[in-house]
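First the structure, in the form of structure tokens, and then the observations on it.
We call the chains A, B and C, going by the order they appear; numbering starts again at 1 in every chain.
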Amino acid sequence: MVKNKKAIIILIAIMAILPIFIKSKVVLNAIVLLLIFATLGEAWNIITGFAGQTSFGHAAYFGIGAYTSAVLYFHYEISPLIGMVLGAIIAAIIGVVTSYPTFRLKGHYFAIATLAIAEVIKQLFISWRYVEGATGISIPILPRSATFMERIIYLQFNEKVPWVYISLFLFAVVVFICDYLENSKMGYYLKAIRESHEAAESIGINTTNYKLYAMIVSSAISALAGSIYAQYILYIDPFMMFSLEVSMKIVLLTVLGGIGNIFGPIIGAAIFIPLSEFTRMKLGGSGTGIDLMIYGALIVLISVFQPKGIIGIVESIRNRSTKKKGGEGEVEALTRN
Amino acid sequence: MKLKPLLEIKNITMKFGSLIANEDVSFNIHENEIVSLIGPNGAGKTTLFNCITGFYKPFSGKTIYLGKDITNLPPHRICKLGITRTFQIVKTLNEMTVKENVMTGAFLTTRNRKEAEESAEEILNITGLYKKKDVLGANLTIADRKRVEIARALATKPRILMLDECMAGLNQTEIKEVMNLILQLKDQGLSLLIVEHIMEAIMPISDNVVVLNAGRKIAEGKPEDVVNNEEVIKAYLGVKYHAKSKKS
Amino acid sequence: MGQIIVNGILMGFIYSLVAIGLTLTWGTMGIPNFAHGDFLMLSMYLAFWAFELIGIDPLLMLPICILAIFILGVLTYKGIISRVIDGASLTALLATFGLGMFLKNLAQFLWTPNYRYINDALVSGKIIKLGNIVLGVPQIVAAVGSILLVVVIVYFMENTRTGKAIQATALNRNTALLMGINTSKIFAITFGITGACVGAAGALMSSFFPIYPTLGSLFSTLSLVIVALGGLGSIKGALYGGLIIGLTEAIGGYFLGTQFKYLLVFLIYLIVIQVRPKGLFGW
């Protein structure tokens, strides 16, 4: 646990000094997106990695966060800082209201339900005039003369560097929350629920409540990331925010980074986001889809060659050296099927 | 006249469709008593366990704990009140270490991680699991899984511990160890309800034996009385064999 | 109204065929194939190019499409799924998602995002009038074709050794292995049959449905929902699920406007699953 804390602090410190050396806008952009998606991955990890409830619909909370702050700003000029908090609260409420009836579903039935909920929300936003429907919302840009204070209040910066720090701040807070959760009573309870619902109930865990707590934290964090993303991109529409692709991107980077591990999402994001940005930059301009074609192929390749997640490599090396965890991998693989 | 019972099981009937798994079963568990529940396969022992611990809602009947009706409470509430069970088909938390398994149980009575850790270690010691505390649940042998099952339940600090066939599949030495553990727990003031098939293990340690057959209670009493009860012998050996043995 | 219902049912049978393909792999291996719709898309392009370039009618292409996508399915299993099936639980699913992304964008790269239509196939533009209900011949042919194929698959599953082996493997992989079933071969065949279903559906649909690279996403999502609605692994479930979704889409689109038809489709799933948490025919 203490080891984890040290590693997190080192990681964040490295990220914090990066902008001093890196001047390239392209790289800084990749770092901002990487941090936003790593944050989403951490959020998803709570409900799926820890509590074992597979969500294919986290784009819903991401989108709700983005839309809440954007709409409040767009219609009423309310500061996105306030909008963010409201977005997190609304996402948490929607998370609870939609999850409560679906939590009794098992496995894939739950996963498909989360996918269906995200699709329903997407369809609603597409037809909802107040949020500009399918056209999407362009966030009004501050005049060039805006003061630094105004820029903070309305969360708009022309430079990339402030965004690195904003997204890093959010990520850092979230990682510490996740680390704390994992090592607290709640973390143990969520993992017990993941491993066996009945065993969890038998030792006094109110499984429904704990899954709901996990959902509240998870959806609120996703919404915060959504608000930051909207302010960074300055344009949102239902297709980019609520799509299955976004939900799956979150799943992808966390699973291939290392599911159920707080370092998984950042490892996954550090690989996949620059990869997708790079292919998009080099090949995406033509609109031929070749960038996503290569990206898709890379996803397949990484899944095939590292089915236990990238963190699995690290762990298998560590296990081999210490033999601490029994090292009976073959037995384990057999019993699990 | 005995003291007021800790747990009263009153006329429990459980049906699955038209199949009657338990019919009008009643018995009591008193403070600091080992009650064992025996009967042939399919007698309804595990079903009764599930009814008492809230995993099933009985068709009719009641369970009264310390004078309070707990019949329709969910399992986690019943556990919080002080009744914890284990599972016949063990439900080890596979991707967690032995210590983490036990700590999860210990968190019932504390929010504090340190306290949970201390109480888990104490239980690991008495259940003989301390050496294996860092082994992942998935990598344990069946005997150790059964131990973890008991240790995790114990960690919730129950007043009544309900063990569902915790000796099945263990060898002689291991069974002896579990018997000793059970007696030790009784000494500490626990009450236990035990489902078991291994008579030579269960009879010497039981204070009271309840025999189920085809869902109904056919006998109850001290171990030495129950083993000589005609109904019980019939249930275990079959009517024919019973008749034969009488003739000779 | 009668017209709407008939349209819904005709489309529903195609959904059923697509979903039956998916339910087989999902039920047998526990892997929802996110590239399922993209296999369908490839089959439709195959039919389209055969028609455009050599003038073979989509109906005649039916067996070729079935065979081609069957092979694609087997190759997908051999090349990708077999390597990830024992990995962490979501890895296999992600591999299919990556494959879907690859195929979608491959199609876009090779054939542009434009919508394509087969306008003068054998059955194109023909209609049958029954009272005041107008039936498109291509849709009828597709629906009848789907029904026939469903019958063939059900027969295959119930009455052949391979079909029974698939069912056994779905119930318990390890036990099937102990009983001497070559589960790896069974999985490959199952993936092939999955492909054959969408291969057929693609050929049947190509004569009346627009063909474009991203149609796979819609069909993947719809078939995932249909299968979960019917119950994982249940052929009967996929059949009824397809019909329910077809009808919902048609009736909902009529009353609430087409922009709401998919919203209703997903809502229906969420409602049904409240009553039947394992789908209509799940166990």
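Quick notes on this one:
Simple rule for what comes next: a residue touches a chain if its C-beta (ideal position, glycine included) is under 8 Å from a C-beta of that chain, and two chains touch if they have at least 3 such contacts.
Remember, it's a predicted structure, so these values are computed and weren't measured experimentally.
Of all the chains shown, the one with its CA centroid nearest the global CA centroid is A.
The most distant chain from chain C, with centres taken as the mean of CA atoms, is B. Distance from the chain B centre to the chain C centre is 49 Å, each centre being the mean of its Cα atoms. If you average the Cα atoms of chain A and of chain B, the two centres end up 44 Å apart. In whole angstrom, the spacing between the mean C-alpha positions of chain A and chain C is 31.
Looking at chain B, no residue sits in touch with two or more other chains.
Listed in rising order, the residues of chain A touching chain C in the complex are 54, 101-102, 104-106, 108-109, 112-113, 115-117, 119-120, 123-124, 126-127, 244, 248, 251-252, 255-256, 259, 287-293, 295-300, 303-304, 307-309, 312, 333, 337.
Considering their complex, residues 26, 30, 32, 34, 80, 83-84, 86-88, 90-92, 94-95, 97-109, 112-113, 173-174, 213, 217, 221, 224-225, 228, 232, 259-260, 262-263, 266-267, 269-270, 273-274, 277-279, 282 of chain C touch chain A.
Against chain B, the residues of chain A that register as touching in their complex are 183-185, 188-189, 191-192, 194-196, 198-207, 260, 324-326, 328, 331-332, 335-336. Across the complex, chain A is touched by residues 53, 55, 74-77, 79-80, 84-87, 91-97, 100, 103-105, 107-108, 110-111, 113, 116, 134-139, 152-153, 155-156 of chain B.
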